[in-house]
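Provided herewith is a single structure, encoded as structure tokens, for subsequent inquiry.
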Amino acid sequence: MKTFDLDWKPLVLVPVLALVALPLTGSFSTWLTLTVAGLAMGMIIFIIASGLTLVFGLMDVLNFGHGVFIALGAFVASTVLGAMGDWTGSQSILHNLVAVFPAMLVAMLVAGAIGLAFERFIVRPVYGQHLKQILITMGGMIIGEELIKVIWGPGQLPLPLPDGLRGSLLVGDAAISKYRLLAVAVGIFVFGLLAWTLGRTKIGLLIRAGVQDREMVESLGYRIGQLFVGVFVVGSALAGLGGVMWGLFQQNLIPQMGAQVNVLIFIVIIIGGLGSTTGALIGALLVGLMTNYTGFLLPVATQFASIALMVAVLLWRPQGVYPVAGSR
Amino acid sequence: MGENLLTLEGVHTHIGAYHILHGVDLAVPRGQLTMLLGRNGAGKTTTLRTIMGLWHASQGRVRFGDQDITALRTPQIAELGIAYVPENMGIFSDLTVKENMLLAARGAKNAQQMDEARLKWIFGLFPAVEKFWNHPAGKLSGGQKQMLAVSRAIVEPRELLIVDEPSKGLAPAIINNMIDAFDQLKKSGVTILLVEQNIHFAQRLGDTVAVMDNGRVVHSGSMAAFSADEQLQQSLLGLAL
Amino acid sequence: MLETRGLTVRFGGHVAVNDVSCSFAPGTLTAIVGPNGAGKTTYFNLISGQLKATAGTVSLDGQPLAGLSASARTRAGLGRAFQLTNLFPHLTVLENVRLAVQATKEGAHRRGLNLWSIWSDHRTLTERADRILADVALKAKEHATVASLPHGDQRKLEVALLMALEPKVFMFDEPTAGMNAAEAPVILDLIRALKKDRSKTILLVEHKMDVVRELADRIIVLHNGQLVADGEPAKVIASPVVQEAYLGVAKEKA
Amino acid sequence: MLNRLLSNDLPRSRVLAVLLIGLFFALAFAPFIFPGVKALSVAAKVLVFIVLVASFDLLLGYTGIVSFAHTMFFGIGAYGIAISATRLGPGWGAVLLGLGVALVVSLLLSLAIGLFSLRVRAIFFAMITLAVASAFQTLASQLSDFTGGEDGLTFKLPELISPSFEFAQEPFLGVSLDGRLLCYYLLFVAAVVLVLALLRIVNSPFGRVLQAIRENEFRAEAIGYRVVVYRTTASVLSALFATLAGAMLAIWLRYNGPDTSLSFEIMIDVLLIVVIGGMGTIYGAAIGAALFVVAQSYLQDLLRLGNEAVSGVPALAALLSPDRWLLWLGLLFVLSVYYFPTGIVGRLRARAVT
Amino acid sequence: QSNEIRIAHIYSKTGPLEAYGKQTQTGFLMGLNYATGGSMAVNGKKLVVIEKDDQGKPDLGKSLLAAAYADDKAALAVGPTSSGVALAMLPVAEEYKKILLVEPAVADSITGDKWNKYIFRTGRNSSQDAISNAVALDKPGVSIATLAQDYAFGRDGVKAFKEAVKKAKIVHEEYLPQNTTDFTAGAQRLIDKLKDLPGRKVIWIVWAGAGNPFKIADLDLKRYGIEIATGGNILPAMASYKQFPGMEGATYYYFGIPKNPVNEALVAAHYKEFKTPPDFFTAGGFSAAMAVVTALKKTGGDTNTNKLISTMEGMSFDTPKGTMTFRKEDHQALQSMYHFKIKADPAFTWGVPELVHEIKASEMDIPIKNKR
């Protein structure tokens, strides 16, 4: 009665892409640097996109305002880290991490709390109506961005990486930056948590069912309203976390930073198949690698690389690599 | 312990600006099968939805056992032990049959935890459910969806089962199975409230009957007496059973 | 003459319609019966082009229909109404029917691509649509939007759309499902009227055996996707397959 | 006569009719009623946006296709004029050639996108167009030899419609009769003709089939319409009209750059206008465009007044600061979705019925 | 005429360059105040500043400038922040025959091929930026690779830089998309080009706006002895310079560098009002105000455009950066630039540029690119 047919084909895309690039890059150490950097970049992209897989993929809310939570997370982190100058300034990685974790936590809390309000006032009236979602969340995004400008000022804000996380580890001739290793760790953690919650518990099923027929889910005895709020809050908090990671990666922040990554994360989610965590991870890794390889081989084409990738994937699987919902 | 499991007293329901129910009084005796009959548009579906809290009564009381459920929210009402099969079946078409069933089985965290014996029983009644276990429910045929909707409602034991027109689109053989299913459920002590257009179905199963017209219950009594009185049927339903 | 030869469709491992060969002559009403999931709707879908067959062919008056899209098949003379109502919800009743009239009246589908004439100038089309609405007793509601109609009226409109197409082959899929005893006769009268026109081929899927008995000239039985019986109504109903697989224990009529 | 001009699609609400007539006359006599350079620019922008939004409504409101690539075609129109005027100098030939080439490019591109759209789900299509539009914008700024890059192109047009051309010495009713005025009326006539043409298209048998496809694509195919052909035709038409709107913009501004005609902001504005005005009504596009463009142009001035009025209350003054005009625009987005779910035209018509 | 001189200041009050625009505006008002001795009047005529927000949109800037000249009767206009907006505005000045004093938009073509006689510029142009950097880095035996954004600003900058480098060798030009976030690939290409070369190896970065190209240092460039060099920037952006003590380059302005009374006044006034030092664009706005007032004083408050033009051509005026002079040929203000070396000072959140050498206008050969 139980069948387990794992769809393995998308899983090999990542190694295949890496292998194809190997002969093209010429030297092994260059390839290694690019590949590791690309994978780590993919992980960061995955973290900022993971909240959107929940909100857009599962809840079917076209949240164009997702970026504002990313920006918010980053700005909150800059305030928290700014207040902990001693810890970030220390050379010890341990001290630095001790500073970064509360920053992440506070950023997630704040982003989650704002997410709660966002769900209530912006998203709730438009569940199920895509076009209105686009407009109203755009409005929310603009408002959020302006409020960030009111609080933190319109200009660019530095978010220096704690000293211990700077620099690289050398593997032969290849350099692997320390911060990216941290990103990989955080990414794997987020992925594991999401995959477990959605795959091993009924939450994922409930959300998908709730999107289709809210009344029926309630008639079965589930409090779908609270669940939706919860998922939205988690999605926003993940965006906040992503904002911290992204901000520390960029090392400077601007209020528009969220809007700037919108297209990128939409691409990742679409490649992944709207709502699949594994799909989003694969999408993010592919985009990360692809950008780095084209950046090395043909810099002018970098901007178009991820779009070309998306089109190619959609030609192969019109619903993304792991379609979650069949007929929506 | 009253002898009626579910009672409605003077229930009025509005949908937007429309006043649909005008004081429904209905009693569903414990352990029996109550048929709710009436012409198209009489308000049967509206009554069921009001019981489930999907619409709220603007006036009157709904009581389940000793508890007043008029103002409760749908999930709370369902948690009290009521299963509901809506008129439109409420199938989650993107989910597989298994996932549909799993959601209905509130006690089970995953497919392995579902009650095997009960599943066997359901598979016996509705073979299509077993056959298409891992298929997306949206791809089922019209009748198969109807079977799935009923299976979902009975996957776990509930005190009260509310079903809206389960027989439409079903082949005669399956209608028989469904009659058997309700019969067995009744024997196991489940109380059932059923809306139905299929006359044979109604006659074979009903213990008590309530007839609605224009948002009110205009007749209630035993099914036996109702079946015998052709004149009453003619005047209430516009046809003889 | 509508003909299917070895028509088969497979969904993964499941064969929903299995090697069905059958022909339907003009002037007959053939009822298609079978248990739920037997493949009746799927058979319709294969004929009308909503689904691609895994194997087998469909032909109309000797013309093979293979490779034609659903719209092309409609233009070739196949018309169908759907099991679950399937209309244009926010257009008016009249607009719904007129769209169908415009779609098929010989060559009129090309009028659809006419960008520059004004819709309301095509009077003859509107008049035809009006006549059809009168036939199904919906004239009074022609300016109502479909979404506001009661269920029974939507079913009638579903049939009206099929009528407007003026096809050679009419396919009805449980036209009276979910309709109560008071409303069903309007639809059944229409089908009876169609039967009088001896040039039309009519296919009817229906679970209500009394309706089938009254209307059908011939019954075919599908079971697990296969054609298991074909012939005169009385004989087919009496046959053991139908008694067991379809009617269950043989005591249908109380 | 008027009835035929409007393709038998009358406003069906007295208030709406009055609004439309008011708008028509306001635009027709804008140079005389609203003096000043800024007012005239706003009026011209309204004209351009009416055409742009109406063309998008053909796609979104009538056919039900959500596309974010509409400004791409708008940009192609504007770049067509800009590039050919830059390369070939100011002359009517250059304008026509630029317009022609732009139309052809739009045709091909929209055909390609339209055909691709059939493979994927609606929401995927929307996201793909988003990506394509952003790629196109990048491309436009990268091909700087051709497009002037980020800085855009400033160019000259035929003397007749340039500000320096004066066809009468004496000002008429206080308005100097110069090329700028002629240019405005060129735009006005173009806008009226294009809107009437769109009105005709949506009220043709073709337009009704589009609506049918929007409502229920599956059934439209089933009753015999080739959905592919209709969809693609609609995308191409809407792209061509957007191209014309882009050309109008470039002719008015005598400048074009990526931010001016390609930016995502414009796309969102257009979406909002369609929704505020009322989807699936060309009239809604007109009313919505006028309202939105005027509001957007004068929001900062309005805020300045408000800011001065409350300057005693610092917190309020900070929020009413003209620098935070976007905040209010964002609020406008949110509120219009709350209060105009069916758009202005939908509301007015519903009122007229009850 | 009336007793007012109306000056339009059009800049990015909002939009992506909001922060820059705000600095210019602060500087401009401080400058007017300083230049008029607090009276805000020249020859008894009141200076009235009309502020307009171009939102960073060229089309808007264009119509605002027209409205400023025509509707608001501005005698001259100052601004805008972005080069794109400025380029769109140039023909408007010509059309209305009024002066546009460009500050701080940097594109060469403003005083180059798109120039007309109504255009003046107090801000530095890209060539001045690039050439001063070249002067700072140009030593024999140095191998330089450039890293720039792949659009007109970046390419022009590199071109001017290359033309000005005489002794050092340019070995590679790397252009990356404007919105690049991951610099690994570009850095790897640069490393590959430089690592095996002898002598001093420098990556010269010219980058504006979002993205942080200094992250390339994370790839441990030191192991190949590669250094980074770049021009100056606004203070928040110089936070990332703090990681590169010893980094060299040339900057337009840093409040601690110029030693003159005007700068002292600016820094004092700014600290008084905001408790922070003035930045890049504050100095620019201040200089523009000085230019305007100096010119008006010379004409005796006369705002006749032709008279102003003839006054301003070749005019010298004081600024926080010392004396500037409008070159007759293209109306570009010639000015000093500063060769600096970064010091990490814990007292500042940014890397502090210390003056190595003031590059006088005469040391830089800024080409004249316009046609009169």
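Each chain gets a letter, A, B, C, D and E, in the order it is written, and its residues are counted from 1.
Criterion: a residue touches a chain if its C-beta (ideal position, glycine included) is under 8 Å from a C-beta of that chain, and two chains touch if they have at least 3 such contacts.
According to UniProt, the chain labels map to these proteins: A, D = Branched-chain amino acid ABC transporter permease; B, C = ABC transporter ATP-binding protein.
These numbers were taken from a predicted model, which means no experiment stands behind them.
**Q** If you check the contacts of subunit B and subunit C, which chains show up for both?
**A** Intersection of subunit B and subunit C contact lists gives nothing.
**Q** State the smallest step count from subunit A to subunit C, taking one step as a move to a touching chain.
**A** The distance in steps between these two chains is 2.
**Q** With contacts counted as defined, which of the two, D-E or A-D, has more C-beta pairs across the interface?
**A** A-D
**Q** Name the chain whose C-alpha centroid is farthest from the C-alpha centroid of subunit D.
**A** Between subunit D and every other chain, the largest centroid distance is to B.
**Q** Please report how many Å separate the Cα centroid of subunit C from that of subunit E, as a whole number.
**A** About 76 Å separates the centre of subunit C from that of subunit E.
**Q** Just the number, please: Cα centre separation of subunit A and subunit E in whole Å.
**A** The mean C-alpha positions of subunit A and subunit E differ by 37 Å.
**Q** Averaging over Cα atoms per chain, report the distance between subunit C and subunit D in Å.
**A** 45
**Q** Multi-chain contacts in subunit C: which residues touch at least two other chains?
**A** Within subunit C, no residue contacts more than one other chain.
**Q** For subunit E, which residues are shared contacts with two or more other chains?
**A** 14, 18, 150, 177
**Q** By the touch rule stated above, which residues of subunit D touch at least two different other chains?
**A** Residues 138, 142, 324, 326 of subunit D each touch two or more of the other chains.
**Q** Please give all chain pairs that are in touch with each other.
**A** A-B, A-D, A-E, B-C, C-D, D-E
**Q** Touching residues of subunit C toward subunit B in the complex: what are they?
**A** Result: residues 11, 34-38, 40-42, 83-84, 150-152, 174, 177-183, 207, 209, 245-249, 252, 254 of subunit C touch subunit B.
**Q** Which subunit B residues qualify as touching subunit A in the complex?
**A** 52, 54, 73-75, 78-79, 84, 86, 90, 92-95, 99-100, 102-104, 106, 109-112, 133-134, 136, 138, 152
**Q** Spell out the part of subunit D that touches subunit C in their complex, as residue ranges.
**A** 4, 7-8, 200-201, 203-209, 211-212, 215-216, 218-227, 229-230, 233, 237
**Q** Given the complex with subunit B, which residues does subunit A contribute to the contact?
**A** Touching subunit B from subunit A are residues 1-3, 200-202, 205-206, 208-209, 212-213, 215-224, 324-328.
**Q** Subunit D touches which residues of subunit E in the complex?
**A** Those residues of subunit E that touch subunit D are 13-14, 18, 53, 56-59, 62-64, 66-67, 70-71, 83-84, 87-88, 90-91, 95, 107, 109, 114, 150-153, 155, 177-178.
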